[in-house]
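Notes follow the structure.
A, B, C and D label the chains in the order they appear, each numbered from 1.
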Amino acid sequence: MESIKAVKIKNIGILTSGGDSPGMNAAIRAVVRASYYYNLYTTGVIRGYDGLIKNEFMHLDRKSVANIIQRGGTVLKTARSEGFMTKEGRELAYKNLRAKRIDALVVIGGDGTFTGANVFSQEFDIPIVGLPGTIDNDLAGTDFTIGYDSALNTVVEAVDRIRDTAESHNRLFIVEVMGRDSGLIALRSGIGVGAESIMIPEAKMTVNDLIDRLERGRKDKSSKIIVVAEGDRSGGSFQIGETLKEKFPNYDIRVSVLGHIQRGGKPSCMDRVLASRLGVAAVEGLLSSKSGVMVGLVNQEVTYTPFSQAIKHIDAETVTPGWMKLVDILSL
Amino acid sequence: MESIKAVKIKNIGILTSGGDSPGMNAAIRAVVRASYYYNLYTTGVIRGYDGLIKNEFMHLDRKSVANIIQRGGTVLKTARSEGFMTKEGRELAYKNLRAKRIDALVVIGGDGTFTGANVFSQEFDIPIVGLPGTIDNDLAGTDFTIGYDSALNTVVEAVDRIRDTAESHNRLFIVEVMGRDSGLIALRSGIGVGAESIMIPEAKMTVNDLIDRLERGRKDKSSKIIVVAEGDRSGGSFQIGETLKEKFPNYDIRVSVLGHIQRGGKPSCMDRVLASRLGVAAVEGLLSSKSGVMVGLVNQEVTYTPFSQAIKHIDAETVTPGWMKLVDILSL
Amino acid sequence: MESIKAVKIKNIGILTSGGDSPGMNAAIRAVVRASYYYNLYTTGVIRGYDGLIKNEFMHLDRKSVANIIQRGGTVLKTARSEGFMTKEGRELAYKNLRAKRIDALVVIGGDGTFTGANVFSQEFDIPIVGLPGTIDNDLAGTDFTIGYDSALNTVVEAVDRIRDTAESHNRLFIVEVMGRDSGLIALRSGIGVGAESIMIPEAKMTVNDLIDRLERGRKDKSSKIIVVAEGDRSGGSFQIGETLKEKFPNYDIRVSVLGHIQRGGKPSCMDRVLASRLGVAAVEGLLSSKSGVMVGLVNQEVTYTPFSQAIKHIDAETVTPGWMKLVDILSL
Amino acid sequence: MESIKAVKIKNIGILTSGGDSPGMNAAIRAVVRASYYYNLYTTGVIRGYDGLIKNEFMHLDRKSVANIIQRGGTVLKTARSEGFMTKEGRELAYKNLRAKRIDALVVIGGDGTFTGANVFSQEFDIPIVGLPGTIDNDLAGTDFTIGYDSALNTVVEAVDRIRDTAESHNRLFIVEVMGRDSGLIALRSGIGVGAESIMIPEAKMTVNDLIDRLERGRKDKSSKIIVVAEGDRSGGSFQIGETLKEKFPNYDIRVSVLGHIQRGGKPSCMDRVLASRLGVAAVEGLLSSKSGVMVGLVNQEVTYTPFSQAIKHIDAETVTPGWMKLVDILSL
């Protein structure tokens, strides 16, 4: 995890990879400003690992990250890279890094990003520190990922709008939120919107359980919201909608898939502060010879976790029961 | 249009009907407060025409509409009514109105609402004035309907978020907005979001036209947004997405259906002011013996238009060419 | 108004001047894209008339205005210019324009901007068309100025927040909004927030009138909002607050000055569409030999009004009584 | 802290006290729903301790807290109470509680609220659990108070707007945020908005330090934001503004006091989840014989802290240096 590098770092390369998340720009800004503070240069890599292979770099100085802290998306752009999954691709990437005299990397992304970084840092002698930039919050080694809080607020704001309509029509709404492998967006946003029930991959709840839940539930509610994670195993939001319509022909049931709005928008204050703290800590980590690690915040303290551990998903199944009971209580 | 009623109005019934729209509550408040100002009583009808038939009423005084001007949805709730399409249903509705000593009606809704009101006002001697409450802006007799401006802002805000992601990934996004019979939401919001192209029922543009447009267009854009109205005749947003993917295999194409968030949320200032002015004008219209008319704002002036004319859709085809040229120019 | 210029226009200079307003960037984008459409070049002038004098220009092509339609402020920056009020300053400005081969100007701003443009276009033979970019809506020749609608929404959103607090504490809030010479922001936003009363320069209402109003008003309201225009003649919001505290010692009275948040933020859809239409119309106006005019939208139609007429404020006194009665009715 | 009460709890009284904060309604809802879950009754006390003395109660069942999770302010209203600071007042309060058969209290508020609760719980045998409801985050025993995160987002959103204007005019803005005794809102929001510098009571920074900071700082920034806490000891935001104007006559300096908008608005998702978890934990705490304690969340775990410890402010001076260095790095 903390291999000692004899090479003195002078020039840090930065890239964003995988799905974008609000706060990535705040993280880039923090890395660039901290590098300047510690007398280092920074070089931006465009479009993630793909840009590393295709030799797409951009100059980054402290002025070039002015006025981006509040912007969604990433000014460095992001992409998936088939090439980086091959040995040839990574060799080319390393050659390009050397040619640019980049002697350390900060990678901002999620588990796919760190899986790649893990291999790369083992194959080539370049220090790499990762920043958790994903709306999914599905990484170990940090209480929250950069973008999670903003995505939750976007979901909550969208469902607040949907509830206006649901209340006016006495409707039941099935709202699908992002999270292919993780129900964490659904879980917290579901509590935030006052959901009647929440369907997530970790909970192994079936549509029959949901039907039971609705039959037991209060009948005099003027609206009900069911939050379903994208990765729910019980058939998907439209299938759930169909089953409920058959079972409850008198309900006015609608399905709404929130989709890509969840990735965008201005980052929340929490995400800006988190990205700022972690961005500075990434540079300080590299300077203290850390490599192959993701920097995170656990119980308000900066922590460095090896990539191999960070990408092991939190065992949501052990976390879930307490939260599901909370949903049950709150939706009474 | 302006039949003289000998009956002096003392108690105005108010209902909202059809799809809800932001600003309906501001309109209800204005009708209640204006009634108080002119020494009239008001009675709320719950869930539109259906509540009229099922005898669901609620007391409404000037205090009961406090602090609702900013709320989305409708405190009177709304519903579609099969019953009101039958003669028996309308007879029952009239009987209930009489029993409640309601001697005039204000109905807030869209073309379905006014179609019903038109028949009802011809069959029974009860003065009715309509308020245009729909996000679609598809009524004649008013420049803007209550809720249209708010829905446009919701669309624009959602697409701003999507663009963050689109810019970060160099993606083309197909965004479907509401409007089953009318492209007016797509048209204005499309200009507002800086759309590459807009597909609306009125324009008779085919997917081939869209492909031409994209082939002629600038290739160095970092993202492109196509706004598609729900009612577009060229196959729907997902079908358009499939066709484009086949034609442009190198594009990263995504589809996002905005859905029900468009109906909800706090009304914009414009919608609150419009609803407030029209709500007062509805009461003043009834007092000056207007009936069978929708009150609207045309060129900043209050106007009363017979229901039969209001529900004739604006001939969007004649309006469209100028706007489509605007889209062409702005997306260069 | 429409002097015929023999000179064929090839290169349009664009500047923003005076206070910034949301939608200025959308207007700049529209001017640049429309110029491209009509085979013209565009040159940006930085920091308004001051940049004209100090020779600060920037290249503007259709790509350089990508992704700015949604941004507040102005990418061309803006400033007040003492120099442009002198003959020498304007001569220098003209020399610089000629040196840059700029043969027409689009100026975006308010009455100060157009006063300068009026003099300049009379002194030198350069066609100038103005775009109404101000949150104040105090120009003749257009129903709405670019930025007015966005500012109204910002005010309404801020006061919605303040009302949460006011309702929780049974408080009376005096909220000061922008408008040094015009009460138009106060008037519409006051209706939008459901104000108890509105104090604007045009209405000549005194604090005693306000006290009367409060004494006559309903005592059981859980909160009251008084909206005061910056330019109100009755002493300013803090003075009004002091007087009310003396008169009503039992009221919990607070003053809030909204300040500069009113100029910023993303433009509303209405402002984006307005700016887009007027930006294109400005270029088309220059091409049809218009000069010395502001382009506006009156009753949905593009209109060109001589600067000298545009800067004559609308006679708000004649407009005001109807709106003030509306406030009286709605706050019952 | 955890005195054992022989009395079995059947009816929990709930009140909100002190300044309102976003999320108080979510907390009320959680207390009511959890009480129902555990077969307890709940009674609402209106306007805090004052309502306790004046015998103002309201019925609260699980339905009466429907659809309030997203609302700012508090449906129970809040007030400061002079009476409760006297022994007679508290005796009357206790008598009223007994008469209403309320046998436990949940109080939601800040340090003033808990100071009162502390005395009351020592004088009378009624179990009391507190919920941290304040935007200031200045309580020990919880990482975050309910409302803090929402207030931060409101500040950040407001300053984003101000920056649009600041950028357009090359201005320096002094923005005053809430926090009479604590700089915690200023500290985090300052990082969130990318502030040039932050002035807080804990840091003992003088205006001369600020002047030094500005003189050393980068001169080519297009705008600068200084965030000042209300309780800053160096003279207040307007005084700082005057001093800077004298020292830097060429700067365009403006002051903006954000004021009461910071208390209002919809709670963020984080605040809704926090309020929901703590509300349930408050009821569970009472059921497990806890009293005289505030329930908080420390490192994601529910914690009960005696009132006397909770109201001791966190020693921000020890926390501050690390954050101030962060500001220095990020504003380079």
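Note that a residue touches a chain if its C-beta (ideal position, glycine included) is under 8 Å from a C-beta of that chain, and two chains touch if they have at least 3 such contacts.
Everything quoted here is computed from the prediction, not taken from an experiment.
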Note to self: According to the touch definition, list the chains common to the neighbour sets of chain C and chain D.
What the structure shows: none
Check: Whole-Å distance, chain B centre to chain C centre, using C-alpha means?
Finding: 28
Note to self: Counting only Cα atoms for the centres, state how far chain A is from chain C in Å.
What the structure shows: 40
Next item on the list: Would you give the residues of chain A that are in contact with at least 2 other chains, written as numbers and ranges?
Entry: 160, 163, 167, 222
Checklist line | Touch-based graph of the chains, sorted into line, ring, star, complete or other | finding: ring
Notebook entry, point to check: Of all possible chain pairs, which ones touch?
Noted result: A-B, A-D, B-C, C-D
Check: How about chain C: which of its residues touch chain B in the complex?
Finding: 29-30, 33-34, 36-37, 62-63, 66-67, 69-70, 143, 149, 152-153, 155-157, 160, 163, 167, 188-189, 191-194, 218, 220-223, 266, 268-270, 272-273, 276-277, 280, 299-300, 326, 328-332
Margin query: Going by the contact rule set out above, which residues of chain D touch chain C in the complex?
Written below: 16, 20, 22, 24, 47, 71-74, 77-79, 154, 158, 160-165, 167-170, 173, 222, 254, 256-261, 263-265
